[in-house]
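Each of the two complexes below includes subunit A, the first together with subunit B, the second together with subunit C.
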Partner chain A sequence: MGAIDRINPVAAAVYFLAAAGIAMFSMNPVILSLSLSGAVCFFFIKSRSTGIKSHLYSLLLFIVMALINPFVNHNGVTVLFIMNDNPITLEALIYGIAASAMIISVLYWFRSFTEIMTSDKLLYIFGRLSPKLALILSMALRFVPMFGNQLYKTEQAQKAAGLYKEDNIADTFKGKTDIFSIIITWGLENGIITADSMTARGYGCARRTSFSLFRWRKGDFIFLAITAALFAASLWGTMAADFAYYPAIAFSEADYRTVTGFTSYGLLVFLPSIFEIKEALRWKYLKSKI
Partner chain B sequence: MEIFKIENLNFTYPLCKEKAVSNISFSVNEGEFITICGATGSGKSTLLRLLKKELSPLGEKSGAILFCGKDIEQWEQRDSASLIGFVMQKPEQQIVTDKVWHELAFGLENLGIPAETIRSRTAEMASYFGIEKWFEKSTSALSGGQKQLLNLASVMVMQPKVLILDEPTAQLDPIAASEFISTLKKLNSELGLTVIIAEHRLEDVIPVSDRLMVMEKGAVTGFDTPSEVIAALSGESIVLNAMPASARLFHKLSGNGKCPLDIREGREFIRNNYHNRMRTLNKEEYIHNKEKALSFSEVFFRYERNSPDVLDGLNLDIYKNEVYCILGGNGSGKTTALCAAADLIKIYSGKITVFGKEIRKYRNQTLYNECVAMLPQDVQTMFLRNTVGEELKNAAEAVKLLPVSIEHLYDKHPYDLSGGEQQLVALAKVLSTKPKLLLMDEPAKGLDANARLGLVKVIHKLKAEGITVVIVTHDPEFSAMCADRCGLFFRGNIVSEGTPTEFFSQNSFYTTAGIRMTKGYYENAVTVDDIAALCHENGRKDGKA
Partner chain C sequence: MNVIKNRNIRNALKIIVPFVIIPLLAALGSAAMFEKRHIIISLAAAAFSLLLFSAGFERKATGGRRMVIVAIMIALCIVGRFIPFFKPVTAISIITAIYLGGEAGFLTGSLAAFLSNFYFGQGPWTAFQMLAWGLTGLIAGYLAEPLKRHKLLLLIYGAFSGVIYSFVMDVWTVLWYNGGFDGTLFLSAVVSALPFTVVYAVSNLAFLWLMARPFGEKLERIKIKYGV
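For the complex of A and B:
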């Protein structure tokens, strides 16, 4: 459990939307490189257990996507070389790198997001929107493992009772479909008991409230406020920073507004990493005192 | 104060001629603990469901049900939902949501109670029931006993005045069941909660009940303190089989005075009334067959690479035409051993031999062809068809092996049968593969006392047909009735074994009620029949016949 896991899910979701949202709609290379480094850095801190393999895949994806653009897009004035009578340009290559940086960074933001947002937290967020939807999701989440377990048990029981004893593919296939069909019956049959249990506990007799273990703490509001402020500042700043890839790379001069924008976004993307590191250091300090 | 008052209640299901509940009148006082017993189909469940408006079955109803002086139909839905708590039989299917804390909150959410109140009430309930440790767990990760406790807690969180339970312990093992009953007793005595419970395992619940109601064919045939009711039962009554061992003994010996209800009272009853000049009963010695039917030798198994061994060097020999009962606690590896014998799981070391041939050498499912069959714990998993008739299409011979006829069930859906009937149909289906070795996992679970006795007969008959039967069970009484030999499983291995008489006489805790009642007085009285025989031999202290 890190610092981010304890933040109210709504605040955390807002944060991810803000951080990934700006990266999604901006093609400014400064923003994109900040987003990519921030996202990768946070993911590394958050899940050290993830194997190096999955990062290598991302790297491969990055390279492939970056290289595709110059081969299909021939805009730009700086020709690097000619291939099959088509010019391969530097601008198209840089655009390709920028675009794949965007995709990979958003991918990493969402990887961290799914890691942090457990089913409870998602339900909590949906519960804010509609208590009924939250209940349906919760029941579905309960039903899936129950269904799977029953399927496994039936499969085993039937095997030992000699369902597949002909031992050919047609027989096996028929057996499996029989099992699947009875499992559906079983699900409906048991649904009746669940429905009884729900009415017995007053389902549908009043307007439902939605309870959750999560609550708003002071820290969550502060986190949300910082996120909102940094988001607004980076939006305002990056709007002023023009950047064109075609026909030639061109960008506006840096002024206080764009610098503010970039700095705010930099702070925004590294915010959770800073929190995590701060927490890790605090524990280390406490431990050394013990 | 009367919490429930039932007057001339009649109920008939649609398309049925006979009344499911006929002419019942009684009242329940606040704070009472009431047990309802009766055979399957005697109308217990119907009566209980009629007491809770939301669960009332459809049908023709007459008479009045007053809850706290007001007709049950006139209560606001909101109030009747929270004031009358209802817990059903199947632990798994009553759970609605995916997380324990959410399940506890579910009822309160329905009533539209604000989140802060829910927080404090669920917290209070969780600490009272000791659920704190698994508060954030998924409901699918709980054991059966925990699930049923959660169902109880999530009803209690709505602060009911009366708790109605319909066979809540039928699907639990004996230890979880008696824990559940003692939780009920605690709620009853600490909070003054009124409890109305229908049960068919009465051993634990009778000593804590204030009044016992006996139902037969929809009518109440007795309603008084347990000892009065039991003493008044006739010797042939089918309800008697479900009674605690001491009460059954009292009946067998046609005792007079107060009927003993638990082990302590049973001991006193025997000591006060009967001599013990002859302490042991002569029993035939059991000699097993020379040939082995099933043999485990140094078998190891674990579910995951890093998990501990579930079968830890298991050595076990079961001989031909023998009924062998494997007893043991939850998680001791009993069921795993059975699955290994049916080749449903792969052991990583050791050897399992079935009729002299190693299990791995049975290729292409030949193991399941006229050799080994297994009856799983959840017999519902045995059914694939829409009617019993289709299910047993190829099982005409097997059906004849059963001691009772099941042909009248052929048009029904297997799921509509009672637990005992389902067990018989599943058994017939298993026997249709003509197994020589039958493995049964907890066959007595969820059966009422008479169905259990019926099952004992089936097992005796199978033995007479030459079939070897291996039974995994929690139930000492059941294994004492049907086994040739018993073995105690502990941490993946057999730690003691012997004939039921040897096995249960040497145990002090994990043993039958018969042994516990006569410990230190008689030597080898395992069952109630044994005690009765010894008592007859010794004669009464007051000299009467």
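For the complex of A and C:
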């Protein structure tokens, strides 16, 4: 549990959409490098347990995607070398690096987002938007482990009855298909019972409400306000920062407007990391006082 | 989603969104202003269509039994996605649509995409995946009668929707990478995604071949027994 886990889910979702949204629709290298470093930094702080393998995979993806562009796109004036009568240009390479930085940073934002959005938070948000969809989602989420459990039970029962064996591929396939078929029938019958008991308890009599522990606290409003302000400032600032990749790299001079935009976006992406670090330091300080 | 209380405004929105806002967005997208930003337009169009559908669903009175069955189908899709080289989402949403109607098919496909992406990686592509799988179900719902009668037609539809799904996701890849559409990039995306396209088409085909009849019989039985 960190600082961001305790923020109201709606505020957290707005934050992630703002941070990833600007990165998605901007091709400015400053914005993209800020977004990439912020997203990776936060993900590292948030989940230290994730193995190095998935990060290596991201790095590989980054390199491959960066190299695709110069081989299919031949715009640009600075020719690096010629391959198959096609010029490989520096501009196309830089564009490829920028595009893959954008994609990888958005991937990391969404990974952190998925880590934070537990199913209760998801249902809280959906319960607000559409109670009926939230009901279907919560039932589906509950059925997944239930099916897994029942799958195991059915397999054991079939084995005990001598109807299931895994001697060769054909047997395994037949056995699995049979069990799947049993599960479907069982699931449908069981679902009807669930539905009947819902109706018996008055489902559909009035608008469905949902209970959740999340409240809007003062801190949530402050977080939301800071996010909104930084988002607006960075949008306003980056609109002024022109950056062209083709035919030659060209960008507008830095003025107070673009600098404001970049600074506020930098603050925006590092906001949750700052919160987490602050929280960790405070905990350490409190512990040392005991 | 009864956010808008006035019935007239709601009805007007129902017509304005698909027939005015989305074409307007497309027109704006082709205008010079958003020259390299077709991705915004396509994402907005996808999000609007999903919102429209969920708003329509929210207002209708759907029986509890029907909703539980849709939830079961979604759970089956999610469980099925864990089996390697076996992508049953399209097939299950087609079967659901044939026996329970297009709306149920749309819900199964789109919500299965949404929920299972919490295990497989959520991203901006989720909106496209939801729309692609949902539409596969919705269209199957419209074609329910012929698909139920002719198995060959069902198999062709399954294989075809697997290929179309893969192409739609390739368009998305190119839009995301490049901002705008680019023929060469699309071609290279299609070629590099070819193994996936084949897996999609073949697994849809195999699943529908093996499961359409027994699965359909079960749903039919539930429908007759309990009057869903």
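The rule is short, and it goes like this: the second predicted complex is superposed on the first by the 281 of 290 C-alpha atoms of A that agree within 3 Å, B and C clash if a C-alpha of one lies under 4 Å from a C-alpha of the other, contacts with A are read in each partner's own complex, and residues count from 1 in each chain.
Following the convention adopted for this analysis, a contact is a pair of C-beta atoms (placed from the backbone, for glycine too) under 8 Å apart; a residue touches a chain by one contact, two chains touch by 3 or more.
Here the structure is a predicted model, which is why all the values come from computation and not from measurement.
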Is A:Lys159 touching anything from subunit B or subunit C once the two structures are fitted on A? First, second, both or neither. first
Given the touch rule stated above, what does A:Thr185 touch, subunit B (first), subunit C (second), both, or neither? both
Could you tell me if A:Trp236 is touching subunit B, subunit C, both of them or neither one (first, second, both, neither)? neither
Could you tell me if A:Asn73 is touching subunit B, subunit C, both of them or neither one (first, second, both, neither)? second
Is A:Leu135 in contact with subunit B, with subunit C, with both, or with neither (first, second, both, neither)? both
Check whether A:Met198 is in contact with subunit B, with subunit C, with both or with neither, and answer first, second, both or neither. both
First, second, both or neither for A:Phe44, with subunit B first and subunit C second: neither
Overlap of subunit B and subunit C contacts on subunit A, residues 119, 131, 135, 139, 141, 146, 181, 185, 189, 194, 196, 198-199, 203-204, 207
Which of the residues in subunit A come into contact with subunit C in the complex? 20, 24-25, 27, 65, 68-69, 72-73, 99-100, 103, 106-107, 110-111, 113-114, 117, 119, 122, 129-133, 135-137, 139-141, 143-144, 146-148, 177, 181, 184-185, 187-189, 191-192, 194-196, 198-199, 203-204, 207
Complex contacts: residues of subunit C adjacent to subunit A: 1-2, 36-37, 39-40, 54-55, 57-58, 61-65, 67-72, 74-76, 78-79, 107, 111-112, 114-115, 118, 121-124, 176-179, 182, 184-185, 188, 210, 214-215, 218-219, 222, 226
Subunit B partner, complex, touching residues on subunit A are 119-120, 123, 131, 135, 138-139, 141-142, 145-146, 149-150, 153-154, 156-165, 167, 178-179, 181-182, 185-186, 189-190, 193-194, 196-213
Of subunit B, residues touching subunit A in the complex: 52, 54-55, 77-78, 81-82, 85-86, 88, 90, 92-99, 101-102, 105-115, 118-119, 122, 136, 138-140, 151, 154-155, 158, 339, 342, 344, 364-366, 368-369, 372-374, 376, 378, 380-386, 415, 429-430, 433, 439
